[in-house]
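One chain, chain A, appears in both complexes that follow, with chain B as partner in the first and chain C in the second.
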Partner chain A sequence: MSSDPILRLEGIVKRFGNFTALHAIDLDISEGEFLTIVGPSGSGKSTLIRLLVGMDDLTEGEIRLRGKRIDQTPANKRPTCMVFQSLALFPHMTVGQNIEFPLRIRGVAPEQRKIRALELLDLLHLPRSYHEKGVTQCSGGERQRVALARALAFDPEILFFDEPLSALDYRLRKALEKELKDLHNRTGKTFVYITHSLEEAMVMSDRIAIMKEGRFVQIAVADEIYSRPVNRFVAEFMGEVNLFDVEGVDGGVFRAPEMEIHVNGGGGDFGLSLAPGETGTLVVRPEFMRFLPSGETADFILSGILHAEYALGSRIQYEVEISGGEMVTVEKLREDRFTGALGDTVVLGFDLEAVHLIREAGHEKH
Partner chain B sequence: MKSIDHKLGFLNALPLTLVLGVSFLMPLLVIAGFSVMPQKVFSLLHLPDFSSFAVILKQGYYKSLLWSLGMAAAATVILFVICWPLAYGMAKVFGRFSLVLTIAVVMTLFVSENIRLFGWSLTLMKGGLFEGHMRAWFGVGFDGLLYNVPIIIFGLVYVYFPFMLFPLAQGISMVPDDARQAATDLGATRLQVLRHIDLPLAAPGIMVGSLLTFVLAAGAAAESKILGGQAVIVIADDVETAFTFGQNWPLGAALSLILILIIGAIAVYGISKVDLDAIMGRKGR
Partner chain C sequence: MRPNKSTRIVLFLYGLLVIGFLYLPLVSVSFASISKARYLTFPIKAYSTRWYAKALESESVRDLVMTSFKVALIVTVVSMLVGFFGALAFARYQWRYRSLFQKVILLPIFFPQMVLGLALLMWFNSLGIIPTWKTAVVAHLVWIAPIATLIIAIRAYSFDPALEEAARDMGASTFTILREITLPLLMPAVISAGLFAFLLSWGNFPLSLFTTGADSTLPEWLYAKMVSGYSPLVPTLGVLSVVGSFLLIMLAFAVVWLMRGIRRAGKAKS
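Coming up: the complex of A and B.
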């Protein structure tokens, strides 16, 4: 992905009256990548995708497709296409007519259209007999595939997705996420996907861009976003997390209230340095928290009272109330289940490798 | 359970079925009975006789039928073209202004059709509002705009405007915005979106509006009388004359029957082509 980007966004601004929905967005999208833009509702991700496909005009900035400006090109002249949240299938047409629509618009002969439609039905694991089926008679998952097939029939340079899986039930969604990733691998097309579900993003994407209030907060591969979030927003958005306020003290060591720190035997520089007086946030994922049997130690130690236990299927989640009333979340695989009773006093520990430091103080308690 | 539902449904439908049977079907049967009476005879004791239908052919009554159907068709087409953009605006663009427009259009229905047509007559006649002003201000006089076929069609268009506008707006409002956007996104031009998305998806509204205007216009007499003078005789005029002035009930009945059959056939064909439940809102998609 070192070559020139297929799509380049430069300083994209979108205002609705006095409200600025997008603040100078810059983004390069590489050919063939699966990029997911994730953000809570109202973060501007839908606005952005509407600009990219040409359904809205941008206020400022440039969109370049392979170096050519397309931001003034009307939607029907852009070589991109989108799978809608509602799918936007044409209810009065059969599955075949839906898939063939972009070809029909281009004046492709009926026989060739049909050949292509049948190929796409195969590609999306739909029976060929569906060509004649009314699109309203299809199930949710089938409609999803029809919408995909129709978009692929258009043969777009970039395929955009506006949360197309959000209306489906959990199991079907999980299956289609994998199918979509598989489809991406097989077609080699550039996919740009927006969603509010981080899980969806993690399963499918090469890169994830996290959006908040009309700006990108972090753009990186999934692993990096998960283990090295740039701020508290990203850390919390990426699922369950424990955040501890810390403050730098003399000698490059920092102090966390209610926490014993035993790194390198309890002192000295251990790589996570904060200047004296500087504040930050320590990020620890619940799966890196351990219950410490007596006699064992860890780099960081906390004690508290076991408050609650939740079964999450393959994992068990525990909530431990530490002094100050804050809750710490711990997750264990089912086979490593902790055998304490609720109300017991427990000691928690985690090690330096599991820790990520954000140089941003905690304004909000989670 | 199911059989109780069925019985209840039947019982609920019964009163209206009876009312319709008596008030709608009976007159039709009476008309049909009259139409096969011998000419100029009033007797219920006779064999069916189709002489009235022969008279219609021989004496050229079919011409007025053709005029009626032709002008109704023209008015329907013109109304569709005029109302489409307006209905589109009402359904998708105007927002609250649609309500104002709806009220304005409905208000015209509060005044009797004849009075409104006489208003147009006064406006368009020689020495009327329009020609009189033209003569007074610019010195160009002309013969007035009444008493021809186009003005009758204008009258039909004017009178039946709401009957096209509202069903059309209803039909267009059923076209999902995202389908239109998706079609554009997939490369369709505005014209292609109109042809492949808007028209087929608004078809129930188009059909209802067209049938209403066509059926009403085909049976209309006031426009041709008031605005058209004697330029052409329409079928409704002939029916009225036959029943009243002519006292030839079999002829009037035969003319009515032919009109009813033609219009009925068109209506049944049209309705069979679209999903009326969609516009009536019974079937949720």
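Coming up: the complex of A and C.
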């Protein structure tokens, strides 16, 4: 990032009594970015966002907005705004009154408020007649848009989102994810979004920050996090994955008990080296696994018994039991469907470009 | 699911029985109030509205009604105010002694009112306060304000704390949040709490008996007349009191209905 960050978090600590919810969080958010903070429940993401908007006090650390400290500024004096998980639309007001609320607080004249509210209704593809509609009469998706319009009416420096889509059904959620990304492009605002859903994060964000137990585990663009996770937690959090324990041997390569390695004809260095005795984890996404017809070869080969087959819509997922009883997951597009029968012995292969090596010992304790 | 026919008949008869049980006494008192006779006798031989005329022109009846009304009105206003803020402390805010407060505030409701009245009388005496209708206001509040608090607290529990946070996030001050968000959302409960407060105070006998001193409220007078020398004004005032309460409830409904109308009109304008 070349330019100065719009928001900088430095050493943010939050403790509740003896419990430390956030351990020295550092983060720079750049202007116009769509950053998503993802983590399982209890990871501290909600705590963090509440600190950022000023609804809770931090224990230690600094928050700077364009270089100016804001961590001691109360929520109603911060130029940021949040879309709540519950949306927090005022039920005793109309859609129009809800959207105009921040403007009214600021003392904007009624005519100008209305003009702005109507513009925002247009922006969010809501009919202008909704201005007079009771907010409780709107559907889930409409309420979502009203909440967005209200937050945009506030015209915040940064717009925060606290899992606002989590209560919606799948199809509506998918549609709104795309709309939100589109809205981000059109408004050019800085969006900071928190969710426990990886899919949501992948679809919308420029960058993803993965959180676990009050710390950031990895902050990177979606592709990077997906294909080069820093540890097993991130790898497993980012969807279906196959993890193999490997161990370094003499000659700068590694071996895994369950697979044959044929890279460079089975010998020599291939870039993913471990020191002798050092352990690591090999990460292979299921879509990079192939069923090998007899006679074909691959960089890495293992064999097992076809155990199960699941239809996932456009894709088919297979489970193969390899030596030691472990399951390997393979995914194929429906058109590339594998024709073997359950119980058959199958040979699986994958290539060097598909693998990622984590230098981390064995199974992590959760 | 719709119950079958015989079940419906049984339910209907049961409902009729319950309503009869509830309203028969009221109906018989109404009949008694329009009896011409000086004494309560059944069956009624001749009807007349003269006791109503008497009640309406009587100076002492007017005093009784005024006293009861004064007490009930002040109790209502104070209960609504105290109940509103009490309910916020009860239900909305996390603070150290909240759970203690929740228990302590409800205790007076479980006191037998006779005992509470006597205790308050002794307390007023030892403070050197001469009981009048004003001390009765205090006594009523001890019992009624907690009830009002509870009624409003139930509503306060049901609203999303994020609403206030969202308002603050969008720049609203504490006072603005109270005026724009909290108060309007709790208003229906505040009105029903006020209604309850008025009716409970208006009809209260045990607390008034001990704490009004030389003043007398309507229920006190009715009781006194019944134990020492029956007056045909008793059923008359009884009925008038019920009618008054009924009109008050209707008025409260009308207010709520009007407020909705105004809000709707306000929406159309803004």
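Methods note: the second predicted complex is superposed on the first by the 362 of 366 C-alpha atoms of A that agree within 3 Å, B and C clash if a C-alpha of one lies under 4 Å from a C-alpha of the other, contacts with A are read in each partner's own complex, and residues count from 1 in each chain.
Criterion: contacts are C-beta pairs under 8 Å (C-beta built on N, C-alpha and C of every residue); 3 or more make two chains touch, one makes a residue touch a chain.
All figures in this text were calculated on a predicted structure; none of them were measured in a lab.
The superposed arrangement places chain B and chain C in clashing positions on chain A. Touch criterion met: A:96 reaches chain C, while chain B stays clear of it. By the touch criterion stated above, A:53 is placed in contact with chain B and with chain C alike.
In the superposition on chain A, contact of A:296 is made with neither chain B nor chain C. By the touch criterion defined above, A:110 reaches chain C but does not reach chain B.
Ranking chain B and chain C by residues of chain A touched puts C first. When the two structures are aligned on the shared chain, A:26 is found in touch with neither chain B nor chain C. By the touch criterion stated above, A:136 is placed in contact with chain B alone, chain C being left untouched. Residues 53-55, 74-77, 81-82, 84, 86, 88, 90-92, 101-102, 105-106, 150, 154 of chain A are contacted both by chain B in one complex and by chain C in the other.
Against chain C, the residues of chain A that register as touching in their complex are 53-55, 74-78, 80-82, 84-86, 88, 90-92, 94, 96-97, 100-102, 105-106, 110, 114, 132, 134, 150, 154.
On chain C, the positions that touch chain A within their shared complex are 160, 162-163, 165-173, 176, 180-181, 184-185, 263, 267-268, 270. Here chain A touches chain B in the complex through residues 53-55, 74-77, 81-82, 84, 86, 88-92, 101-102, 104-106, 136, 150-151, 154, going by the rule given at the top. Against chain A, the residues of chain B that register as touching in their complex are 176, 178-179, 181-189, 192, 196-197, 200-201, 285.
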